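Everything on this sheet refers to the single structure shown next.
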Amino acid sequence: MTVKVAVAGATGYAGGELLRLLLTHPDVSIGALTAASSAGTPLGQLQPQLVPLADRVVAETSAETLAGHDVVFLALPHGHSGELAARLGDDVLVVDMGADHRLGEAADWQRWYGSEHSGVWPYGLPELPGARERLRGSRRVAVPGCFPTGGSLALAPAYGAGLAEPDVTIVAVTGTSGAGRSLKPHLLGSEVMGSASAYGVGGAHRHTPEFTQNLSAVAGRPVTVSFTPVLAPMPRGILTTASAPLAAGADAAAVRDAYEKAYADEPFVRLLPEGQWPTTAATVGSNTVLLQVTVDPDAGRLVVVAAIDNLTKGTAGGAVQSMNLALGLPETTGLPMVGVAP
Amino acid sequence: MTVKVAVAGATGYAGGELLRLLLTHPDVSIGALTAASSAGTPLGQLQPQLVPLADRVVAETSAETLAGHDVVFLALPHGHSGELAARLGDDVLVVDMGADHRLGEAADWQRWYGSEHSGVWPYGLPELPGARERLRGSRRVAVPGCFPTGGSLALAPAYGAGLAEPDVTIVAVTGTSGAGRSLKPHLLGSEVMGSASAYGVGGAHRHTPEFTQNLSAVAGRPVTVSFTPVLAPMPRGILTTASAPLAAGADAAAVRDAYEKAYADEPFVRLLPEGQWPTTAATVGSNTVLLQVTVDPDAGRLVVVAAIDNLTKGTAGGAVQSMNLALGLPETTGLPMVGVAP
Amino acid sequence: MTVKVAVAGATGYAGGELLRLLLTHPDVSIGALTAASSAGTPLGQLQPQLVPLADRVVAETSAETLAGHDVVFLALPHGHSGELAARLGDDVLVVDMGADHRLGEAADWQRWYGSEHSGVWPYGLPELPGARERLRGSRRVAVPGCFPTGGSLALAPAYGAGLAEPDVTIVAVTGTSGAGRSLKPHLLGSEVMGSASAYGVGGAHRHTPEFTQNLSAVAGRPVTVSFTPVLAPMPRGILTTASAPLAAGADAAAVRDAYEKAYADEPFVRLLPEGQWPTTAATVGSNTVLLQVTVDPDAGRLVVVAAIDNLTKGTAGGAVQSMNLALGLPETTGLPMVGVAP
Amino acid sequence: MTVKVAVAGATGYAGGELLRLLLTHPDVSIGALTAASSAGTPLGQLQPQLVPLADRVVAETSAETLAGHDVVFLALPHGHSGELAARLGDDVLVVDMGADHRLGEAADWQRWYGSEHSGVWPYGLPELPGARERLRGSRRVAVPGCFPTGGSLALAPAYGAGLAEPDVTIVAVTGTSGAGRSLKPHLLGSEVMGSASAYGVGGAHRHTPEFTQNLSAVAGRPVTVSFTPVLAPMPRGILTTASAPLAAGADAAAVRDAYEKAYADEPFVRLLPEGQWPTTAATVGSNTVLLQVTVDPDAGRLVVVAAIDNLTKGTAGGAVQSMNLALGLPETTGLPMVGVAP
């Protein structure tokens, strides 16, 4: 089987990473590459790493240029994918790498994005309970946010097994590519190198309701999330540190057991041997999640650390993984499991 | 007044930063520079940035080489300063930049360091309640750990005003110089660049009891601290993110008010205007703490972010600040307030 | 003596570094701070490291706002300083940190900048032969480009002593702050971190005629310069590597001797002991040049490596050094000689 | 066909990168993984990015552990591969990633390494004239040094077409992984981040004779090389800038033509469109060389810039490319052409 794939938003970081993966995917042929402002430019000028696509000319993003493909990936600013998807046909697999279809509650969308909700699609984090089943055969996929990918996988086993109180603190250290190729002063190399800074503090980051939604679903009751993203001087990677009070009766052995069981058969999640802690470098360019969990006996808390590549497992790799499921392909097809390190 | 100063541990990162500051301190003349393994080497080979001291030859660290100075700074591995200080005379100001004399409880020392406690000295964080008074005229100073410097200043106003529950989560993102010039694989440039990683997770880091001690003292009751340090690819800087549940009745206005009052007259702590968040880059090479606080209404938590330079305010600058107090000099003498940025 | 100083371009990187230095300069009081597009903003929002100036509001750059000062620093895009200076009065010391008044030949200016030449001012690199004398008492100073600062100091002794053929190759590795706070995609942190790239290759960089002018003047005959700048993932610093064929009869001893003599009394240039090579880190935030020279016997070439901080000695520090000379102050006043490292 | 492959030196950076590539090579099964000092350790502790090999235990490097494989890669310190290879049998393909068998002249080896020469093997840079033919079917391969890979490909077309005088200047900016996982102070993250530095200046670097050998062979006459490596704060990548005086009669058109012809059919070398310059980031993790050439009319020089990943095309990728040729496989098998960027 070869499916013909179009990528809207091919000139951004997420689009570039997606194309890197698609170029070695055995069941894919790459069709239209579109963008908003760079139409007419050879892709090699914007994505010099994509050597085999260097001479491809970027087209304008529109329902017309995206028509005639089996799969369409949308790497667009939020608010743009709902209408576009509606014009692509129900038999086309549309994988939305933006935020539009992640939140189940219209009120959440309204509060955090201030526009009309365009509905919820099957959530592309197959490792969450029930998600894999909803993705199989689906023709619509909402790729998770990069932070919720790391944070949800870090905590789902604890809440699935009832081992933690529903009051989570997540601090996630992220590379700069998560912000995309935005021309903002605080993203200049001179500003980020040698510096760490927090943003969206105090519950202001738009990924907060996605955390809450995912963890509450697993826990079966409302989970409160205090989320602080920290920008660090690295191009890629998210290191999520998450902690929550241990539930009464829970202990280190039960915690370890829950995590081992949850991820024993997951091809992309590796619970490290006890005593070894994840580094984001080991995940660069791979779809792997490296994870470790421990219990702080003095503080009475469970502490988890998870490393992902925000552009791979956190965005484009997760998108391909879901595409594989939707198309009935083996889930790991075309997805690197090995990081580019050092 | 000119005091003659010796530095034991002059070849490490903390010693180098201290000498940088002392070179422009108007009341100091620099005497003996000593080290353990590099005795006999010109300092310029090990600290090429200290141009005016390049031809100074490093001496062996001993009571003899350190004798005859008004002030002796000890930047030594833990366990070495107690005995050395005893041989230096009670009239010599001894400023210990190591861990030996920070903890008040011998049992804490025993648990975390596994050796005999050498006693507690006045704690060199003048901004904590009561500390400044104890430092004035003292002949012994225990310089705080770099993490507790940031974390204690981040939370002291909240606990001093009774605005937070005693269950703190601190995640501190640190540059690599905090680990010193240790030849360990995980500190190699190839490993740290492009990577974030956590260590000492689950309450294993030795700065944990120092946090607990400081915050409990301010709160007047036991405060539990869950502390996770994260190594980030930058040479300097600590970004501390700290959060705790709001106490009953506390609100954003009370929190802001407490922080404004606490730091209104502190020359080295700047509470940023609302909406502006600290970056570590802005503190590089300076003794300044940049700080912001907010309330997360959904999570019911107070969240504080503080940026310091781990080598300056976090170590050598804090040491000079305490020296100034101990010697009766204006507290800000010789201390930069402006960061080297970008 | 206290001189009142204005800074036009206070919100850029060069302006910020200049203010950092001026804040601790004992003979300076800081007056108007102006900029083009950020007028009305408190400086602390744009230069958070300049804590003591955080509440100063940025004014519009104009002859009016800059009037009434003893010294005016212009950190403006090229083409703007000539006209502005003309309106400031001949008794005001105007220090131009831009390119407008560096080149002696109108034809060179025309070729490289494509506009009318606004004339040449005394060149602010006191270490070049004759420069110091021209700067003393001058009321106009042209601060050199950051690359020509490093490259000219690297090679002047060789050409002054007739030890090298007039065919130079310079490759200079620079940090990103040399490009200023420009919002260009290739300056984003995501693009520069983990990457090295060349630009302005083949003689296309506008600093090329400045190299040629400086070295030809020292050599007393035309010197040809092949210049390649390389952007490296660091915020500050220029490492200049320069080489040229040895002149007939020149040898390593003569080369060493020439460099030792040239810089023996220069407070800001340190020829390192043989065998030690400069690092840019050791110069961060300081006005020091670290330099080493050797002879490649197989290639028959002289090779020099020089490290500077592009914002300090390469721009703002050099500007203050020249201001000191122009005002009759000791040349080193207010200038750090010690780098912030690691 | 599946060949069984052993890797001696599996715990270093070159070995890790090699295993990353071999894991997705369709014709390879991975056998013994050996090292000198880490025998007995699970590979996952040393190479956490190699998730599928995490539980493999490292064996001791010896002829015995390496026996019984079709291909043996040697990533060893120099001086160790000659004797080991002799014990592996003539029918085993031995790919030496160290320096031992690169130099043709015993006197060169003796001068630069100070030990006995162990002979020369077919040189694993297929893009050089004649090299591909010598590699086909060979059972011994000498993988080039990382610097000579970039520099030789940068200049071979010019010398092959007689367009440049034989007096080359090469300055190559390298990431830190080229130095391996050596515990040396100048390789610590705290030292390299934010810093650039030169080393082996003046013809002292051991890759110098390899440059000379390669370029002289292409030119058909002795070529002199002035080589300066510069360490930059990035884990991977080499940006080579090379220049030489234009030969009489050569011009920009002839130069462009020579480079286009030389690399028209090379799968791993991409001459960029005129005006676009290579970045190392675009080559990370790929076997691609990105290259641009121009002529500096004022300096009368040809200037070339080439970007590679030192661990991929510069070491492990080049080794696999040569293995493919030696085994009669398609040359590009298992080799990524797309970089991991940003």
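Order of writing sets the chain letters: A, B, C and D. Residues in each chain are counted from 1.
One rule holds for everything that comes next: a residue touches a chain if its C-beta (ideal position, glycine included) is under 8 Å from a C-beta of that chain, and two chains touch if they have at least 3 such contacts.
Since the structure is predicted, the reported quantities are computational estimates derived from the model, not experimental observations.
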item: Contact-richer chain pair (by C-beta pairs counted) among C-D and B-C; value: C-D
item: Chain separated most widely from chain D, comparing mean CA positions; value: B
item: Between chain B and chain D, centroid-to-centroid distance (C-alpha), Å; value: 45
item: Between chain C and chain B, distance of the C-alpha-averaged centres to the nearest whole Å; value: 35
item: Touching two or more other chains - residue numbers and ranges from chain C; value: 13, 175, 177, 190-191, 193-194, 233-236, 278-279, 281-282, 284, 341-342
item: Chain A - residues contacting chain C, complex; value: 13, 175-177, 179, 181, 183-185, 187-194, 233-235
item: Residues of chain B touching chain A in the complex; value: 167, 169, 171, 173, 175, 188, 190-191, 193-199, 201-203, 208, 224-226, 228, 230, 232-237, 239, 241, 243, 245, 277-282, 284, 292, 294-301, 303, 305, 307, 341-342
item: Chain C to chain B touching residues, read off their complex; value: 13, 16, 20, 23-24, 42, 44-45, 47-52, 54, 177, 193-194, 235-236, 270, 272-273, 276, 278-279, 281-286, 288, 290, 336-342
